[in-house]
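Read from first to last, the chains carry the letters A, B, C and D; within each, the first residue is number 1.
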Amino acid sequence: MKYGIVGSSGRMGRELIEVFGPENCVATISLEDETILDSPEVIVDFSRPEALKRTLEVCREYRSALVLGTTALTEDHMVQVKELAQSVAVVQGYNFSVGIGVLRMILRQYAPALSEWDVEISETHHIHKVDAPSGTAITLKKEVGRDCPTHSLRMGGVPGDHSVSFANEGEVLTLTHRAISRKVFAMGALQAARFAIGQQPGLYDFEEVVSCALKR
Amino acid sequence: MKYGIVGSSGRMGRELIEVFGPENCVATISLEDETILDSPEVIVDFSRPEALKRTLEVCREYRSALVLGTTALTEDHMVQVKELAQSVAVVQGYNFSVGIGVLRMILRQYAPALSEWDVEISETHHIHKVDAPSGTAITLKKEVGRDCPTHSLRMGGVPGDHSVSFANEGEVLTLTHRAISRKVFAMGALQAARFAIGQQPGLYDFEEVVSCALKR
Amino acid sequence: MKYGIVGSSGRMGRELIEVFGPENCVATISLEDETILDSPEVIVDFSRPEALKRTLEVCREYRSALVLGTTALTEDHMVQVKELAQSVAVVQGYNFSVGIGVLRMILRQYAPALSEWDVEISETHHIHKVDAPSGTAITLKKEVGRDCPTHSLRMGGVPGDHSVSFANEGEVLTLTHRAISRKVFAMGALQAARFAIGQQPGLYDFEEVVSCALKR
Amino acid sequence: MKYGIVGSSGRMGRELIEVFGPENCVATISLEDETILDSPEVIVDFSRPEALKRTLEVCREYRSALVLGTTALTEDHMVQVKELAQSVAVVQGYNFSVGIGVLRMILRQYAPALSEWDVEISETHHIHKVDAPSGTAITLKKEVGRDCPTHSLRMGGVPGDHSVSFANEGEVLTLTHRAISRKVFAMGALQAARFAIGQQPGLYDFEEVVSCALKR
């Protein structure tokens, strides 16, 4: 798979190149610098909103699929993304962890079966994280489908643990996800890239990637 | 719900009565003694194979549904159970924990999505447990659908923990079930009893009870 | 060890008799009823303040040691207990879990070595528990020696989990205690009883029992 | 603290520089290349046995303390290290995690108090780890002071979890250490470096660094 990276010099950019394999990286794009050696099958952009304009141009020019993990996009940005999605496959998401994707699907489907159980959510992140509860914890709570106590621990350098626990008088069922490192998101992007290459044009949510892997 | 208990003086029998509510217990049946005050809607039998004959007679006489958790039944016993199931609803199972039922369904459905992840099972039970791995761990492995290392810890008085862990380079997803006490099985039996009362005659697996709760 | 139980018909009383062994129970004492078959080496009282008067009389009469787990004693009660402690060994405590005792000692000694680490406490108890955080969590925080976030989960029938977690940028050290059942306190009482029988008269804290076991 | 790094271009070397702060790195030494800008107070060597000769020369020349994490040293190497230790402080270790150091001390001191409890060790590492059980698990077992079952899970990219669990009929006490990343060892090296600078000449074990932090 020949791919291009937007923001290749950033922390996430380097992680993506390591996971996708440096040997197949045919394009590196940033606001300052650009090198395109060959036509990329897919462009991966986890950088900043300012970079989006050029990302979209490159995708259009090379008919490359797009994996888009950039956050804080405006509505105007989204209009442009949807326009691109009419001619190529675009996978967008804001948490590219496959495990969290699976956890969300499990909760959505099975939380109703546990509606008489108590449920609480705990999440632990590094002390530099400013928001609490985490965006992912809020998403998980939505999937649980009812309000429940959420505990946020902020400790050391923990990349991100999430735990949803159900209990009744006689038993406890706990679903736990632990991110080992930032690499988890690069691996999700790789799965999204493989998915995108074989797809019809359109805008896909990362969860469809996870859900598709499930059906195989 | 008016119910009867077979083996009411045993450890599990007493647990069942506490969970079902002593005030609605209209029949206690054992090999030595029998008291039937009123017509039971459902008979609950978690006792021994020897007791089955009388259990079946009572069910037939009062047209009571049956929740059957007795283990070590012979094929001949099963023939008789199926015969009864032509006239009343019979729920049979050998692990009446709802949480384990849900865990099995989750694994069956989602383990394929995690086929490229490593998977290992751990279970912890009290030191009096003679078999290792536990029957439940073996069942869980079947639901995972591929062979995987299984670790059995035998420590103190732990009633029963089971944990299935999936991991790749970047993340770990762990599903854990913990039995708090024997009460968990009595609670599963109560759920099975409520299910049985409203059903057409037939032989049902405990998992159908769990699965039915899910659809509501 | 010949022993007597105060409040033998209560839930904790029955647990104590099961753990101490019914065959050596030579005295059962309650407000309504009293049977003393032989001279008890030790009296175990985990009942109510109202029972204390008779407990003290019996100890004095038979020169029995005393293991006292009754809570909500007044100062006046304590004066009487100290008076008894001049002639027999009395072990008093309000959490007879050996594991919690060990955990307290570990924290007191090692938390200073982890003063630059972040620390948080989590505890999970059944939904019937009215106070939060638990008394034990408060005690653990004192042993940690600095203020720290404490998370209280109230779920199903969990008897009592406590977890103290230290983390820095690169690692997490977690100390977890889990009560399996009420039996844990009966076992601590047994250890206290064995300790008391060999001791000089005096008032001992349960922690001395744990600490003494450590030195052996 | 002005410091020098041996093997600065390797994975651990870069980690060390990031944790110690690049601005104070006055010397980088490798088999191919060497830059010494200023007199280093301490040299940090987590590289290979072949590099040791030059490391010792530099320490002698600049009277630098030494933090030595290189493994697979021969007895002949150790003779030379001890010789250096007559003129400067040398801290040696083979696991520079402070948390594991603390865990070892806790076990050594408290495992005797839990001698009647069951004990089992579990450790989880990435699938690239060839040995099982881990060297650290073996060390922990030694501190426990008796033989016990050890379970090794090899899954995905887990940097390294170790768990020692004690249980009796009524309770479970679990001590768990989790390495978040390789950074944990660089942070231990930093603590060792600070320790070494203020010490008399001599050969110190990393555990003395941990133990010294405890006494403060």
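Just so we're on the same page, a contact is a pair of C-beta atoms (placed from the backbone, for glycine too) under 8 Å apart; a residue touches a chain by one contact, two chains touch by 3 or more.
These are the chains along with the protein names UniProt gives them: A, B, C, D = 4-hydroxy-tetrahydrodipicolinate reductase.
Note that the structure is a prediction, hence the values are computed from the model and not measured.
*Asks:* From chain A, what is the lowest number of touch steps before chain D is reached?
*Replies:* Minimum number of steps from chain A to chain D: 1.
*Asks:* Looking only at C-beta pairs that count as contacts, which pair of chains has more of them, A-B or B-D?
*Replies:* A-B
*Asks:* Would you kindly give the rotation angle relating chain C to chain D, two copies of one sequence, based on a CA superposition and rounded to a multiple of 5 degrees?
*Replies:* Between chain C and chain D, the superposition angle is 180 degrees.
*Asks:* Relative to chain D, which chain has the most distant C-alpha mean position?
*Replies:* Greatest centre separation from chain D goes to chain B.
*Asks:* Using mean CA coordinates as chain centres, what's the chain A-chain B distance in Å?
*Replies:* 39
*Asks:* Between chain B and chain C, tell me the centre distance in angstrom, where each centre is the average of that chain's C-alpha atoms.
*Replies:* Going by mean C-alpha positions, chain B sits 36 Å from chain C.
*Asks:* Averaging over Cα atoms per chain, report the distance between chain B and chain D in Å.
*Replies:* 49
*Asks:* Among the residues of chain C, pick out those that touch two or more other chains and give their numbers.
*Replies:* Each of 156-158, 166-172, 180-181, 183 in chain C touches at least two other chains.
*Asks:* Based on which chains touch which, is the overall arrangement a line, ring, star, complete graph, or other?
*Replies:* Complete.
*Asks:* Using the touch definition from the top, list the residues of chain D that touch chain C in their complex.
*Replies:* Residue list for chain D touching chain C: 97-99, 102-103, 105-106, 109-110, 112-114, 166-187, 210, 213-214, 216.
*Asks:* Using the touch definition up top, name the residues of chain A that touch chain C in the complex.
*Replies:* 117-120, 122, 126-127, 149, 151, 153-158, 165-172
*Asks:* For the complex, give me every residue of chain D touching chain A.
*Replies:* For chain D paired with chain A, touching residues are 156-159, 180-181, 183.
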